[in-house]
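Listed below are the structures to be examined.
The following pair of complexes shares a single chain, chain A, combined with chain B in the former and chain C in the latter.
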Partner chain A sequence: MFGRGRKIAPYLFISPFFIGYTIFFLYPVIQSLQLSLYRQVGLTNPPRFIGFDNYVRLVTKDALFIKALTNTTYYALGSILIIVPLALLLALILHSPKLRFREFFRFLYFTPNITAGVVVGIIFGLVFEEQYGLVNNLLLAPLGIDNVRWLREARWVMPAIILLGVWKWTGINAIYFMVGLQNIPPELKEAARVDGATRPQVFWHVTLPLLRPILAFVLTIAIIGSYNLFAEPAILVGLEGGPNNAGMTMTMYLYTRGFRELKMGYASAIGYSLAVIILVLSVIQLFLIRAFRED
Partner chain B sequence: MKKLKVLLLLLVGVMLFSAVAPVAAQEAVELELWTFVNTHARWFREQADRYADEVNADFALNVVEIAYSDMHDRLQISIQSGGVGAPDIADVEQGRFGGFLRGGGDPGFVELNALLDQGGHTENLVSARQALYTSMGSVYGIEHALTPVVLYYRADVWEGAGFDPQEFVTWDDFVEAGRAIVAENPDVIPLHIHNGLHELLLRQQGHDYFNADGEVTIDSEASIALMDWLLALKDEGVAGDPPEGDALWAAFKDGTLISMVGADWYAGFFKDNAPELTGKWKAAPLPAFEEGGRRTSVWGGTGATVVATSDHVEEALSFLEFAMLSIEGNVRRFELTNLFPPYIPAMDNERLHAADEYFSGQDLGAVFADVGPEAPPQWQSPFRSQLNSLLTAARQDIKDGNRSPADAFAEIAATIRDEMEFES
Partner chain C sequence: MRLAISRPSDAAERKSHYVKLVEATIVYAILFFFALLVGIPFLYMFTGSFKTNGQLFSWPVNLLAPEPTLNNYERLLSGDEIPYLQQMGNSVIIAVSQSALTLLFASMVGWGFAKYEFRGKTFLTMFLLFTFAIPFQVTLVPLFQMIVRLGLLDSFMGVILPSSVSAFGAFFMRQAMVSIPQELLDAGRIDGASEWGLFWRIGIPLSRGALSILCVLVFLTAWNDYLWPLIVLRTPEKFTYPLGLATLDGLYKVEYGMILGGAFIATLPIVLIFVAGRNQILDNLTIGAVKQ
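And now, the complex of A and B:
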């Protein structure tokens, strides 16, 4: 009796997680894989098996899917190329012991990250507004730059969303880098300085290589986050992604197909394609980072 | 061991409690209603109080306001999941109603034919409006508004420039006056090409994005020619492409926009969003495309539906009949929201003809009643909400001249036709 209780009890205690995981994660994941092989349209219609038709249509006939994929990749590249160096720079500044009010600045840069995406979307809608918005009136007008039609001209939509992303995500990434910097033993840098290395040399040859694990983490999170981008652009330019679908991301596309047009089978196929894309990109990225370590 | 047992018991207790917690006995009937329009919410709350006073003292209505897209998306999802979290009554906008019919299935609403026929209400409702919520003979919604489209205009500006829009007979008259006003003041936009303008003017001409047989007709000659005409007006400065959303109201308030081609519900929007313009606006019948032509159109509209999974279908139907199929309810709705009744017995009620302070003391009801009988029909299609999505994406490119209307409309129509085929 005692022995049996001892054996079951631990499992019972950890069971809520696994029950929740199975019901809310595993089941939908498997169910949607099955659904992606069916045609299911409408609220109450039974699904019909069509094999890989959804996937074939997605890749060969669906220009909007390709568009959403391109848009999302544009966002991912744009935001990562800006956010990562910026966050690193910010981390170096915030890490500096000479900086006054360090804690205050750390808090300040972190706040955008805990602001709900919907709120951010609404506020940036006002910020980027063409005639009355802040960016055009307070930043560009004093420089003599004409009003930019941020949310109404296709080519400006994604830059606006990227700027939003930079505002929202740079802070948290800076904090990741800062943690990394704090974990670098000061002796290493001191040793390098003693050997006559200049500050940039210390950064390139000591600090940066030691930040590699953090860099891998930041990039992986950024790639996943970029391809899952939804709330901010959906609020900022609408679920269709604004003019010419320029701001339509993969998840917005999935959402409109599934929940607007009620094509659950098709939406599931989009979801699985998205999962595969993220997986492949993450693996490539990890491989690249590790490849650096070889030399 | 004892500790372990206590902990286990606690664990089981927590699980049990979380399973049974929502069960609670309820004496009074409380219904939940979802709407996306605050003017509707206001009216529904008042009608619920009246219903509790006059019919069922135990009745309570929880009116929940949710933003347009969100509300429709959530409603669809809750119906699709068998009614989890669904309301008892829901407002469904006509542009989104078609989406519930997608795939040809049951939309998840209670069929209202029996209620409408038995109460003798069918003849009392404008059939062209009810058609929006009807599929294969089954009626699923009751329309809130006749949605007659009129020309709202800044009386001080137009009259100050020596023009009386009440006298305009054709769009040519409007354009001519608009040119004169712009010549004096180039910052002003006489005609605002809003997102619904092309569609509603197309209906004024007797066409639409879908025809009576459900075929997509957005790429018709009339549709392309109309958009070309609007773009030509934009090029010469008579029409403009002002911002949407909050900034739209800023443009109304700062005097950039001096007219609005809008339906009855827009009157309520003005009062809610630009109260400081009280006394400056008036409304006139739409100018016709040719002399003797139709002086109005229809735009928008929302139907109240009863969700089939509701536990209180009878009570919900009874409340809707009380509020939406009565003279008092319809008249009161006009008083609160300016929605002109689609309910024929209420149309000649004198309370629809009170002087409206916002509209310069004008009898707004008379303008709607005057053009109402000419209101054109509008056809529902399961593909309308998708067409609207495609159009939303293409609209700015069309307005900016990056794509010709012919080209953009042809592509949208082709996409919809392809979808129709894929799903058939």
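And now, the complex of A and C:
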């Protein structure tokens, strides 16, 4: 098939991928940017050029977009603030030598991550059920706390989704941190201990700074994951996001505008706004991590 | 003198032994507590699938199913409400095809990048890395329009094709193949092997480990995907199982036992795959990210 042509062989090897990549990724990326400057409703209606009107409307007139943005950011911050310390704690424990059943715990903590979002949404419908749910009956009732209306009261919807996120993502992040811990040469910690550092000091001044690359990776994945959030809340509280749209995420909003109402131009503008937000957050996050290195 | 020295050190050792015991207790208590938090929802899904609605929504909450019934599974698998078995079969077809296509494209492009020098290589690498950062949501609307124009709406091809080119897969295979020794290829060339033969007889067999990991990751993503199949597929007979479950959830919110049954039998296969390959997979999850 490829003969002996060492000159053309590499191009033949890479072309199937790049042809597919151009058709199914690059072209839609460019097409979407163009479409976001048009008003197009439905598939057959002719598009009408309206400049940046879609973007202007999103930011100035669309309360639901701002709501979805706020919700998603709330989720991102809330879940990251819980998941990262928790995953680090579990990783430190799982990393300790002479631990028994390590493989069992590691695998168990990981299983929520391989479970389909739809399935997780279905399970958590029972977890957060108001009268007969697991959280209210098994966790809160023994503490004497009254039933929380998790999925029926706007202010509790996002906390419920955050807890779902914590359940689903902590395990895999613990595994990422474990990889980071394995890559730290043990001599460094021993040297610090010999120099009289206490264990907390070793953690703060040796372990944590050396985990920075993994932390950057974990945060990037978490930010992207937050803005991708779709199946779980869609099943848990419905595509409109439940009471007062409190569970409406950015991707859910894009879906409803684009594929329920077929507002093609507007949905493209939502897509590009999302891309810009993710890009900005990732850059900020990388700079913050850099800044910590400096001091 | 000797006694005086040894005594405190004995005490210190005893104390450290005691401290260790307390530490171990705390450690295992934490691990066990989190194991319960992770495990109980799964257990409840499993036992709930053997309960009637009345048993599921009653006090006190029972994590087990004291009077199990198979009624939920009978109803689900009879196909009267939704063709669930067919939908799971659709998921298998889509996930397998998508894995095969992704693996083929990714290993070829990975091989091209790993084992050849060619004009434009650096540019293409940088370009790929740069576009890698663009989120997929940007592409959804134009992809949908393309699928409609190509007449692929409500077809498996419409689900499979756009998802088969993975930039992550390309980088992943490039990383795995770059360490294959050049001498093997030179020896193969002297023996008269074609460039395709080198890829097929040396490149593929020597990166079996990476291929199997990528295969599991792609299969899993396809198996669990909800958003894109939801956009493309329109008739219940074409649905993948997550769409089927979502339909059940929307139509029969009160028949929760049946929904849990469907969720359980769709989750079991992937958990079994991971139990079989857990160490290789868990140890290599970060290859693509950390070692780049």
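Convention: the second predicted complex is superposed on the first by the 290 of 295 C-alpha atoms of A that agree within 3 Å, B and C clash if a C-alpha of one lies under 4 Å from a C-alpha of the other, contacts with A are read in each partner's own complex, and residues count from 1 in each chain.
As a working rule, contacts are C-beta pairs under 8 Å (C-beta built on N, C-alpha and C of every residue); 3 or more make two chains touch, one makes a residue touch a chain.
None of the values given here were measured: they were computed from a predicted structure.
**Q** Does the chain A-based superposition show chain B and chain C clashing or fitting?
**A** With chain A as the common anchor, chain B and chain C collide in the superposed model.
**Q** Regarding the shared-chain residue A:Pro233, is it in contact with chain B (first), chain C (second), both, or neither?
**A** neither
**Q** Which partner, chain B or chain C, is in contact with more residues of chain A?
**A** For chain A, the partner with the higher number of touched residues is C.
**Q** With the two structures laid over each other on chain A, which partner does A:Leu108 touch: chain B (first), chain C (second), both, or neither?
**A** second
**Q** With both complexes overlaid on chain A, does A:Gly78 touch chain B (first), chain C (second), both or neither?
**A** A:Gly78: touches no partner chain.
**Q** Which partner does A:Glu261 reach: the first (chain B), the second (chain C), both, or neither?
**A** After superposition on chain A, A:Glu261 lies in contact with chain B alone.
**Q** Taking the superposition on A as described, I'd like to know which of chain B and chain C A:Phe17 touches: first, second, both or neither.
**A** The answer is second: A:Phe17 touches chain C but not chain B.
**Q** Would you check which partner chain A:Gly165 touches, where first means chain B only, second means chain C only, and both and neither mean what they say?
**A** A:Gly165: touches no partner chain.
**Q** Is A:Asn244 touching anything from chain B or chain C once the two structures are fitted on A? First, second, both or neither.
**A** It touches chain B, and chain C stays clear.
**Q** If I apply the document's touch criterion, which positions on chain A are contacted by chain B in one structure and by chain C in the other?
**A** Shared contact residues on chain A: 2, 5, 9, 12-13, 16, 43, 125-126, 129, 131-132, 259.
**Q** Spell out the residues on chain B that touch chain A in their complex, using ranges where they run on.
**A** By the definition above, chain B touches chain A via 1, 4, 7-8, 11, 15, 69, 73, 76-77, 79-80, 99-108, 243, 245-247, 250-251, 385-386, 389-390, 392-397, 400, 402, 418, 422-423.
**Q** Report the residues of chain C in contact with chain A in the complex, numbered from low to high.
**A** Chain C reaches chain A through residues 27, 30-31, 34-35, 37-42, 44-45, 48, 56-61, 104-106, 108-109, 111-113, 115-118, 121, 124, 128, 131, 133-146, 148, 161-162, 164-165, 167, 170, 194-196, 199, 220, 223-224, 226-227, 230-231, 242, 245-246, 249, 256, 259-260, 263, 266-267, 270-271, 274-275, 278-279, 282, 285-286, 289-290.
**Q** Going by the contact rule set out above, which residues of chain A touch chain C in the complex?
**A** Touching chain C from chain A are residues 1-7, 9-14, 16-18, 20-21, 24-29, 31-32, 35, 43, 89-90, 93-94, 96, 99, 101, 103, 105-112, 114-119, 121-127, 129, 131-132, 134, 137-138, 167, 171-172, 175-176, 179-180, 183, 213-214, 217, 221, 224, 227-228, 230-231, 234-235, 250-251, 254-255, 258-259, 264, 267-268, 270-272, 274-275, 278-279, 282.
**Q** Within their complex, state which residues of chain A touch chain B.
**A** 2, 5, 9, 12-13, 16, 41-45, 57, 61, 125-126, 129-132, 152-154, 238-245, 248, 256, 259-262
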